[in-house]
Amino acid sequence: MGTPAESRPAERRVACVPETVSPMVDAGLTVHVQEGAGRHAHALDAAYRAAGATVTAEDPTAESDVVVSVQPLTIDQARLLKPGAVTISFLQPANERELLDVYKDRRVTSFSFDLLPRVTRAQSADALSSQALVAGYRAVLVAAERLPRFLPMFTTAAGTVPPAKVLVLGAGVAGLQAIATARRLGAVVEAYDVRKAAGEEVRSLGAKFLELDLETQSGVYASVQSEEFLERQRELIGEHVAQSDVVITTAAIPGRKAPVLVTTDMLKAMAPGSVLVDLAAESGGNYAGSVAGQETWVGEVLVHGALNLPSSMPVHASRLYSRNVLNLLKLMIADGEVRPNLDDEVLDGCCLTHDGQIRKELP
Amino acid sequence: MGTPAESRPAERRVACVPETVSPMVDAGLTVHVQEGAGRHAHALDAAYRAAGATVTAEDPTAESDVVVSVQPLTIDQARLLKPGAVTISFLQPANERELLDVYKDRRVTSFSFDLLPRVTRAQSADALSSQALVAGYRAVLVAAERLPRFLPMFTTAAGTVPPAKVLVLGAGVAGLQAIATARRLGAVVEAYDVRKAAGEEVRSLGAKFLELDLETQSGVYASVQSEEFLERQRELIGEHVAQSDVVITTAAIPGRKAPVLVTTDMLKAMAPGSVLVDLAAESGGNYAGSVAGQETWVGEVLVHGALNLPSSMPVHASRLYSRNVLNLLKLMIADGEVRPNLDDEVLDGCCLTHDGQIRKELP
Amino acid sequence: MTVQLMYLVAALCFILALKGLSSPKYARYGNFIGAFGMLVAVVTAYLHGAVHNGLWILVAVALGVVVGIPAARSVKMTAIPQMVALFNGVGGAAAALVALAEFFAVRDPGFLYLLATVLTVLIGSVSFSGSVVTFLKLQELMTTRPVLLPAGQQLAIAAGVSSVALCALTIATPNGFLLWLLAAVGLALGVLFVLPVGGADVPIAISLLNAFTGLAVAASGYVLANTLLIVAGTLVGASGTILTRLMAQAMGRSLANILFGAFKATTVVAHGEEQRTVKSGTVEDVAILLGYANNVVVVPGYGLAVAQAQHAVRELVAQLERRGVTVSYGIHPVAGRMPGHMNVLLAEADVPYEQLKELDDVNPGITSVDVAVVVGANDVVNPGARDEPSSPIYGMPIFDVDRAKSVVFMKRSMRPGFAGVDNELLYNPKTTLLFGDAKDSLTKLLAAVKQL
Amino acid sequence: MTVQLMYLVAALCFILALKGLSSPKYARYGNFIGAFGMLVAVVTAYLHGAVHNGLWILVAVALGVVVGIPAARSVKMTAIPQMVALFNGVGGAAAALVALAEFFAVRDPGFLYLLATVLTVLIGSVSFSGSVVTFLKLQELMTTRPVLLPAGQQLAIAAGVSSVALCALTIATPNGFLLWLLAAVGLALGVLFVLPVGGADVPIAISLLNAFTGLAVAASGYVLANTLLIVAGTLVGASGTILTRLMAQAMGRSLANILFGAFKATTVVAHGEEQRTVKSGTVEDVAILLGYANNVVVVPGYGLAVAQAQHAVRELVAQLERRGVTVSYGIHPVAGRMPGHMNVLLAEADVPYEQLKELDDVNPGITSVDVAVVVGANDVVNPGARDEPSSPIYGMPIFDVDRAKSVVFMKRSMRPGFAGVDNELLYNPKTTLLFGDAKDSLTKLLAAVKQL
Amino acid sequence: MIDLLTIFVLAVFVGFEVVSKVSTILHTPLMSGANAIHGVILVGAILITGSAESTLELVLGLLAVFLATVNVVGGFVVTDRMLEMFRK
Amino acid sequence: MIDLLTIFVLAVFVGFEVVSKVSTILHTPLMSGANAIHGVILVGAILITGSAESTLELVLGLLAVFLATVNVVGGFVVTDRMLEMFRK
């Protein structure tokens, strides 16, 4: 198994940390890690060696039967892959057509965490969840640092500071974690989601759920909403945004552009110095004006377009990711060899290319 | 009364916010605020006008009987002051000899929050406390953002993340607030202070107090410690530093250089990616290598030399400061005129120059 | 006079015995004191009253001891209720026999005396035959389901009416034969009374028959003009009545319902779907279970979050620890609805991190856990995930709480958890269900544990 | 027979009365039932027993009503204890008089009868004179401090011995004069018994004398062979004894200590420094105070943090709210040891922000607050900061809890707070102190409020 | 005789049990209520006066009736006043 | 007679009071303990047998003695076994 250093810009995580090397070795794999692969995640080459991995000066992609990474491999790397090799990473199929074609041509079996079915058995391999956990936590820290106010309430001799109001839009894994973290810091938190079950989940974290007068969706995942629906939703959300000091948006629809929930007018109505953190910025943004990786001022309001937040906390993000990889690998290993059985509902769900075929319809 | 825009670099607070204008007017003052003085603190000129202040294009220093600011005035500003005028600000007497001489020459009555006696009556004017509150809170946010790990514990399908260990050295106002904030975020917090009473105070926040085998000081304030004492202290602190993920140092002795508590060796023993936030950096640092306003890597450990942390949260920091100013002014106002009575123990304590004299011994 | 005083001492002992038996702390002493009082009473009676037939009496007592002690000793814990029923029955019979014998001994009885006599005979025989039937039911020598005779209700009414008539007749014209007849009708009445009672209500019936026997003894006290019998019998009658009411309440049945239900032959349906029974306990049961345990594991789940019961659970655990119980929390990786959900909650309630245990810390030692308390969790303790390859959650690691010595399950209903899969653990005989909002249940439990 | 039954009904009423009076919920009904029972008993006695002198009796009763009701109605709330003492005394006197009168009426009395007679006379007169002395003390018609006669102890012993001797003598040679003498000695004994009891112990002495009167009444029941008197007297005697013990416990004094202390003339020192008295209450007192309040303000301080009692206080407040009490928290700007200390704590315990009130929210309405609960705060409620310009904390705004209707103060000792200034509020008669760790006290309080 | 003793013993138990868990704030009302109840000596006083034959007996009896009446009515009224706070 | 009634009433009260707050888990042991106590009919059986004059009386009495003894000893022993869990 090989772990190349991440080559995409600003990726600080690593797909295999020293802690997971030894269980992989136990499972019958030999682990190769490129020199400096764990550098940003404070995983030293020495630690890899100590854990039983071989640290290679060169990219180990060409020699490996299994290549694990966080971001998709580059086209160049993909061209090095052995025919029939297995890759595991986030693949973002919509954006990586060319890469998929390379995989297809080289008869690579590629797995993408984006597509992992969210069934009970697959939970331990669910990297979307584990990274969303990190993102939700970091989103609040980012907001708190940028907010020129306190989050918690303080009654002091120099007057009373009221608690900040935080609004979380979208209460999936990241949104829930953002709620929890903001509550920990003492903010008053409100949240909204289209999913029906989200209400109870939000309240179970001690936050207030906004009951909007909208027909809402049942089921575990949000599906695409009509533009009228979104229009109406924005109307109702508007006044809550105006009253908030921090807005964190996490609304997403798997594989689609994110719904637009916040408008410039709403931001203008917020108190000066307020902050919007848009976790959906990479898939278009819940605020149309947010750009991933950039901070922009809209009037007196700061808009933070989040770009790969998990990567800003590389040690733990990598550790969780690496466990997810390990757990997914375990589903493929039989008798010490990696031999993915595509009859398994989980592997079937997240296998994108196999045996020279692209197995999913791409959007 | 005049509030010039702060002219020292990187100061984002303002000494008078719109909320406190109207009580000042009620107290019989006319309030002049320089255009854009509140810009960084998101206090718009319009808001000042609405609250009853006059917004002046020019620096109002020359025309005012009372000049309030956060940082000391510049020498140039001081030269503009009316003879007999009153100034209120932090003065940091040790660093501002020249300014004091100007004040003396112009027979200015200057008050410094640094010297405010910490008696019960003066609590509402205690800007050191109010700004330390902000600093302690921000220190944890700074550390949490820079730490590549979680502060809280998480048991997830992708493994368990242990809680981060935070060590707070110095449990004054800022230290206690840092403890509280880190605990809120779910960290396991230890703290240490030379003052005896600090033990109970630390535990009252749910953190662990390090019982070192040192004779410790009773009384409210820490006094200067001998070098042997500090040596021994460092020995004992060392292993706790090594086990921590975050160290926040706040130890200070009023008017002196900060004691050195943390050494490079200790930092080297910490886990890679750990963070030290040194709140004492401006007065020399509790770690000798920290430079105010800079981040440096010591091996795999990030050292953040804090520079004016309260200024990074200007809205609330200004609001608290401005209340302190108001409360101090109230002690001076008699019949609608500012006529400080230096028999008052509080005013006496913090009055640096008056009637052509420097009233305190400078270190 | 001394004799009377000794009887008074015995009566006192009985009062103290009942008092002791009502508190977990003193229950055993209570029983001892009761036994001691009995010894005093019996010895006194023997020394004072066994003017004739002393040897015979000794033989009868010895026989009773030889039969009674081994029976009580060897019976299995699970068979104790039927044993109690049997002992109660023979007590009732003894009372009836005493009244009969006395009736033949006395000349020229007065009205009150006769009244007491017929009551003793009637109640004693009802209690005897009723107890025997409950014994048969519990021992499964006959069906445990309610038995509905074709004209059961009419028969019971007939027996009731004729017993009242016989009583009146006997008082009017004292006559041994009538008394025997009364005893026979009493026996029939007892059988008719208990036959329609089924399943869960049988223990309540036993308790009621126990109170009956108490009353019979008190009545026989009037017959013999013996204060001790009056006091002791009344005590048992009164406390037995209260106890019967409490038991009925604890099972959510009204006493009237059971009493008249018995004759009206209401079927008693087992709880649960598809006729599967679950055992639902009361707060006090669970409190005692926990309070006297050594080793407890709390497994919280999404329900804890929904109920916002994090503070309540911490308080309960603290109270248990104060009693010397070792308690830890089992935190499942996917408990709740987001990663780390339980951590967030329990940190808010200031639960020390050291108390949080993971799967690998808990499962290996689970068999030595006395009570596993499942608070609003479900899927994460579903043994189906371990045992049933066909289950949609098969393969998820779980807390093996079904291997603990007992399980307390707090939830609001029989609904399944997130995965929508039924949980076998709910039907496990080790499991006691505590229905209701988790916060509510925990708060009540805390109060109850404090009372121990 | 009917008469006896009526008496039995009255006895039943008395039992129910005592039962009711032991629970805050039913206390008033208890009192009514007791009065009703008394009515039944008295009417029965009059109809059946007033063969002669019926009119005289009516006149005496009328006189008693005319004296008793206005006295009971007009007495000030603070003077009620001495009123109770007085009523108790006249009851004792009545019992003694009854026994005396009966003694002169009866011919040829037996041993037990005589024993009961002398006991009634003796205890009745002790109770009477003792009660009168406690009345004088409480009414401050004499000193409230323990009175130590020069040879008080010897005198008391002498009176005790001679009363026993007189009893024996009277039984041996029944004689009116001896009985009068016994009454006189009893009066002396009562005085000697109560004189050395001082200050806080007087209510305990009253309760004991009350139990005595009960016994006297029971004894007179023997004299008159009247079961009602026996039952009612015994009830009062027994419950009075228990009550005396409970009261002594609540004040941290052992009963033996008070009883023998009285004769040994131990001085009873008032608590507090410089002989200033503070009022320290029990958890139950405070629970009832809170449970029946409408409007409560909790003022937390540094002690709450030290005790880490944030969760406990929230639980208590929640429980009070469930009872319909309006509760808010008064958060002082400098409570604790860092700015926002209370905020951090209470946020951790999940106290809703809306419940946190500042000085300006609380002080204007403070006079309508029924109970202000000060939990480990001190300086921030010290009225000296408002009233005494010489105080080092003068000028700091405070919560004016001394203007609330009552104050509960939880702390561990009489030590001052951070500023080291003594707090006048501790000595305020409105203040009830609850000593102990705040978390402990709050937890107990919660349990006690739940019991209401 | 032994019956009266039994009655006595049982009454003691009832007395103990019935007040054994009373809270402090009810101590005084309970004491006062019990105090009113022992005013039942009024029954004794009435009986003795009702069968009085000598003047001494009559005087003693009437005095007892008067005092016992004060005890009874005063006791119940004062208790009721104390209990006003529980009216809620 | 009325005394016996009084005793009865008082005993009823004591019986009520004494068990009124028992927790569910003690229901069965308490029932069983009470069951053993009503075995006191043994006293009656002994007395009646002790003064039996006819064979019928004797037989009835002895049967009663035997049954009551079973009730008593079995009752106490079984109760004790149930209470083992409270030994702690």
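Chains here go by letter, A, B, C, D, E and F, matching the order in which they are written, and residues are numbered from 1 within each.
The rule we apply is simple: a contact is a pair of C-beta atoms (placed from the backbone, for glycine too) under 8 Å apart; a residue touches a chain by one contact, two chains touch by 3 or more.
Keep in mind the model is a prediction, meaning the values are calculated, not measured.
The set of chains touching chain A and also touching chain C is given as B, D.
Among the remaining chains, B is positioned farthest from chain C, on the basis of C-alpha centroids.
Of all chains, the one whose mean C-alpha position sits at the greatest distance from that of chain A is E.
Taking D-F and D-E together, the chain pair joined by more C-beta contacts is D-E.
With centres set at the average Cα position, the gap from chain B to chain E is 73 Å.
With each centre defined as the average position of its C-alpha atoms, the distance from chain E to chain F rounds to 35 Å. Computed centre separation for the pair chain A/chain E is 80 angstrom, with centres defined by C-alpha atoms.
Multi-chain contact residues, meaning those touching two or more other chains, occur in chain A at positions 123-124, 129-130, 133, 152, 154, 156-159, 184, 186, 206. Residue positions 3-4, 6-7, 10-11, 13-14, 18 of chain F are each in touch with at least two other chains.
Counting partner chains per residue, chain C has residues 15, 227, 231, 308, 333-334, 339-340, 344, 347-348, 350 touching two or more of them. Under the contact rule stated at the top, the pairs of chains that touch are A-B, A-C, A-D, B-C, B-D, C-D, C-E, C-F, D-E, D-F, E-F.
Residues 2-3, 5-6, 9-10, 13 of chain F are the ones that touch chain D when the two sit in their complex. Chain contact summary for the complex, chain D toward chain B: residues 302, 305-306, 308, 333-334, 336-341, 344, 347-348, 379, 385, 392-396, 419.
Partner chain C is touched in their complex by these residues of chain B: 152-160, 162-163, 186, 188, 206.
Remark: chain E residues 3-4, 6-7, 10-11, 13-14, 17-18 touch chain F in the complex.
Remark: chain C residues 331-335, 339-340, 342-344, 347, 350, 353, 356, 358 touch chain B in the complex.
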